[in-house]
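Mind looking over this structure? Questions follow.
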Amino acid sequence: MAFTAHDLAVALKRANARMETLTDELNAADAKLGDGDTGSMLARLIATFAAVDIEAQPDLGAAFMALAKAGAASTGSSLGTLVITAMMTAGKETAGQAEIGWDRLGPIIGKVRDAAMMRGKAELGAKTIIDGLDALARALDRKSNPEALAKAAVAAMDDVLAEFRDRPCTMGRARMFADRSVGLDDPGMLALAELVRAVTKGAHQAGPPS
Amino acid sequence: MKKLINDPANYVDEMLDGLCAAHPELVHVGNDRRAIARSRTMPLGKVGVVSGGGSGHLPLFTGYVGEGLLDACAIGNVFEGPTINSCQDAIAAANGGAGVLCLFGNYGGDKMNFEMAGEFAAMEGIETRTVLGTDDIASAGPNETAKRRGVAGLIFAYKAAGAKAAAGGDLDAVAAAAQKAVDRTRTIGIALSSCQIPGAAGPNFTIADDEIEMGMGIHGEPGIWRKPIRPVDELVDEMMGLLLAERPQDARRVAVLVNSLGATPFEELFIIYRRVAKVLDEAGIAIGQRLTGPYVTSMEMGGASISLCYLDEEIEPLLAAPAQCPFWQVG
Amino acid sequence: MKKLINDPANYVDEMLDGLCAAHPELVHVGNDRRAIARSRTMPLGKVGVVSGGGSGHLPLFTGYVGEGLLDACAIGNVFEGPTINSCQDAIAAANGGAGVLCLFGNYGGDKMNFEMAGEFAAMEGIETRTVLGTDDIASAGPNETAKRRGVAGLIFAYKAAGAKAAAGGDLDAVAAAAQKAVDRTRTIGIALSSCQIPGAAGPNFTIADDEIEMGMGIHGEPGIWRKPIRPVDELVDEMMGLLLAERPQDARRVAVLVNSLGATPFEELFIIYRRVAKVLDEAGIAIGQRLTGPYVTSMEMGGASISLCYLDEEIEPLLAAPAQCPFWQVG
Amino acid sequence: MAFTAHDLAVALKRANARMETLTDELNAADAKLGDGDTGSMLARLIATFAAVDIEAQPDLGAAFMALAKAGAASTGSSLGTLVITAMMTAGKETAGQAEIGWDRLGPIIGKVRDAAMMRGKAELGAKTIIDGLDALARALDRKSNPEALAKAAVAAMDDVLAEFRDRPCTMGRARMFADRSVGLDDPGMLALAELVRAVTKGAHQAGPPS
């Protein structure tokens, strides 16, 4: 059993469905210290992803690249650009492969984290989505059972939000308000956490995607 | 918030179509129709000056494409940076073989996308430089100016870079002129009422009927304080105090921009300008150039900003050089 | 409604002080400081063109004083006609010995005061003519156009009269050019939100959060209907239908003004312009001149108006002739 | 007993006091079909009048002219200009006279009506302040007792408002909405009526001004 373009498509559908209610939550989180568009932007970006026909794509790398390309044409926001960077990175990592073992998820997310750090000129600990990706990569590392992966991912998200909530943010728009960011979730990290929950919750209910 | 629009999904494209229709000297370039250039082809040997940013700030960014200003501009969705493709399109349109200056506000998405586009441009043999607008003194302290947001004062850097490029300056000289204009420009704004992103469920922020926010960003990012409204002369005095506290040692002359964030009418801008001129006069600073109007907006946001560009022998003639775009004519 | 002002009693005077400070090409004339003229003296032998009206409509009225436009302007309190003294001051400033055209909107106070000022001017040997702006098609039917209010389209008459006077036309010719521009100009507006007179207890009118009013005047006078807001293309189609229904038989070309009433941002104006251009194209009417922006406002009122000036061989070159004022540059 | 500059000053003071509450009423009446400024404009104009020192003015005509001059420098609104025209007219009628008999009030107001008609290019019956002036002039005609004058004036105002309320307006801003003006008081006529009431009510309470 392995992770294919079909699994990716299912995950995107779940994420897309979750945006219906998540959009306003994320906008509100971003509005506190930012420009209030994280949710709207992400909703549009994920809808763009969900509309790309990757189901039948035999090459997982090509599937990711198709998402990156569609996304790159649709937004230039910071988080959007990082998400697109993530798709490109995953595309490179899986280029020419029809499927990957579940155990590759952790390392690939690690690569995504590194690429996002380069792109965003961000460091770990700045309280951004990158800290979320880091926690996720570490939690998934060396795991290959889909259910165990799902469980670990959700727990890691709960933990990383809690860990950072009372720390100051030093990247992105909220960087100017480091003090005021204490006590607030970072919108990008929150987005990642909620989407991980949504994608894996589906996984639990329906059993691991085949 | 009521808006005279159609489907919010088409807001930016319809706006750009209308802009080009109303100003035939501007044309779309590129395939995604999110980059604007001058309809006359780029002069060979001239350094290109491009900018870019999110929609919702007209005349910024696309409105400053014109003679002696920008050669091309990439434009994103409302309050989102332009895509990498749009940045590439703008750079390509502004390529006259002498390099391209990318001059835009200090925002994450914009930086990432222009950086990637610059990497692609380099592969195609186009040299680029980047200068970031960082004029908003409310967004970070004087010892971390590199962190500051770019707001209305960016247009002084457009003017300086555009004039330098028009005068035949090379890429380093154009970038240096832009950087100098940025370094010598300070802005602070005051917000009265909110704006709403087309299609969003509600306004970008809320503010009480009798409150104002000092130092708010042009996307509604938080400012320095929120207090009950006071007579505008008092507010101007406070704003000017903050701006003048950071004046360069050699400050003798300034260019002034009193800018509407959108809904604030000309009448109020002139009442503000009057006080700004008085404060400058008392500080012994002469006014070399005067701009009053909606130059950098946040759609229907209520409020105004004051920008001072401290002039020197290099910047003043660049700002005074002839220029011509849909929203700004000089000379 | 929040405003960036000081004591409302000083609103107009401070606004005019700021206007003249920000635009040194404009100066106060007269003793009550409620008339504005060009700082260069009136050329001898040139017909003077003056206007006047209430405050709160910038750029109208004072903002159109300049080369090839108005020579002087009288200005009243917010939404009140100028006083007889101010009208006299403006007429005196625009007197170059060849007569003065008084060109202003069809409002009671303005008419009475300019009429009295004209009587005084006659005593001093200054010949005057009056032409009234009556472009608002929502304010009376096509068979009683003389009853109509003057709104944004007045600026086309300014331009025609100013160009004719600059070209050396005599008083009759200048008045005839202005009258022809008025006769060939139609405007209709749509209001989204209200404005408030400084110092007033509340807004000038109230309108529901999802409602708009078609045909409302620039002081909030009632329009044709009030309905829920719809996509702007539908509204433009309806407005254009009304404007085109009254087109002159020889209508082949138009000048277009898509005007913000104050708070409506450029983005929305361009979305409107786009549709206006499409409707005109389908009607087989070419566009000879394009204006988009806040040209005639009602302080912070939300909404927009569309004006069409039907061009002919006389009017088109007058509108295209060079002109230069703080808010409008041609050529 | 006769009407002097002192009586005029007292009347202006009463009118000025009445504006405190009348301002918003008149603005509201004007906002229905006009631009909503009748009250604010009149308040400012009457305050300007009240600030002119006419008490000691030996010449009633000069007193009226001083008011006209101060008013003419302060507003150019339609109603304001008509009021100023009224002051000029009264000034001409009383030029060189220290006082006038109460019986002259009616004829002078008749002259004011005629001057306002000329200035405003308005006819009788158009439902404006001019119909109010006409009713007033006719009611005061041939009366010389201050109390009788006051009583007749108030009654005439009640009557003229009632008479015109259900007729259409054909002058001023509301002229475009003749149909809609049916059922509404004309702001200018209402202003006149309320000020006549205020001025004469004071008269009743305090006895006729001496």
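Each chain gets a letter, A, B, C and D, in the order it is written, and its residues are counted from 1.
The definition used in the following text is that a residue touches a chain if its C-beta (ideal position, glycine included) is under 8 Å from a C-beta of that chain, and two chains touch if they have at least 3 such contacts.
A quick map from chain label to UniProt name: A, D = DhaL domain-containing protein; B, C = Dihydroxyacetone kinase.
Quantities reported herein were computed from a predicted structural model and do not represent experimental measurements.
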Requested in this report: Provide the labels of all chains in contact with chain B (Dihydroxyacetone kinase) and in contact with chain C (Dihydroxyacetone kinase).
Outcome: none
Query raised in the report: Which is the least count of steps on a path of touching chains running from chain A to chain C (Dihydroxyacetone kinase)?
Result: 2
Query raised in the report: How many angstrom lie between the CA centroids of chain B (Dihydroxyacetone kinase) and chain D, rounded to a whole number?
Result: 55
**Report entry** Distance from chain D to chain C (Dihydroxyacetone kinase) - Cα centre to Cα centre, in angstrom
**Finding:** 32
Query - Rounded Å distance between chain A and chain D, as computed from the means of their C-alpha atoms - result: 75
Query raised in the report: Could you say which residues in chain C (Dihydroxyacetone kinase) touch two or more other chains, in rising order?
Result: none
Query raised in the report: What graph shape do the protein chains here make by touch: line, ring, star, complete or other?
Result: line
Report task. Could you please write down every pair of chains that are in touch? Result -> A-B, B-C, C-D
**Report entry** chain B (Dihydroxyacetone kinase) residues touching chain C (Dihydroxyacetone kinase) - in the complex, by the definition given at the top
**Finding:** 2-7, 11, 14-19, 21-23, 55-56, 58-59, 63, 190, 192-193, 209-210, 212, 229, 231-233, 235, 258, 262-274, 277, 290, 292, 294, 297, 299-300, 302-304, 329
Report summary line: chain D partner, complex, touching residues on chain C (Dihydroxyacetone kinase) are 32, 54, 76-87, 107-113, 115-116, 139-140, 147, 149, 197, 199-201, 204-205, 217, 219-222
Requested in this report: Write out the stretch or stretches of chain A touching chain B (Dihydroxyacetone kinase) in their complex.
Outcome: 23-24, 27, 31-37, 40-41, 44, 72-82, 85, 119-121, 171-173, 175-177, 180
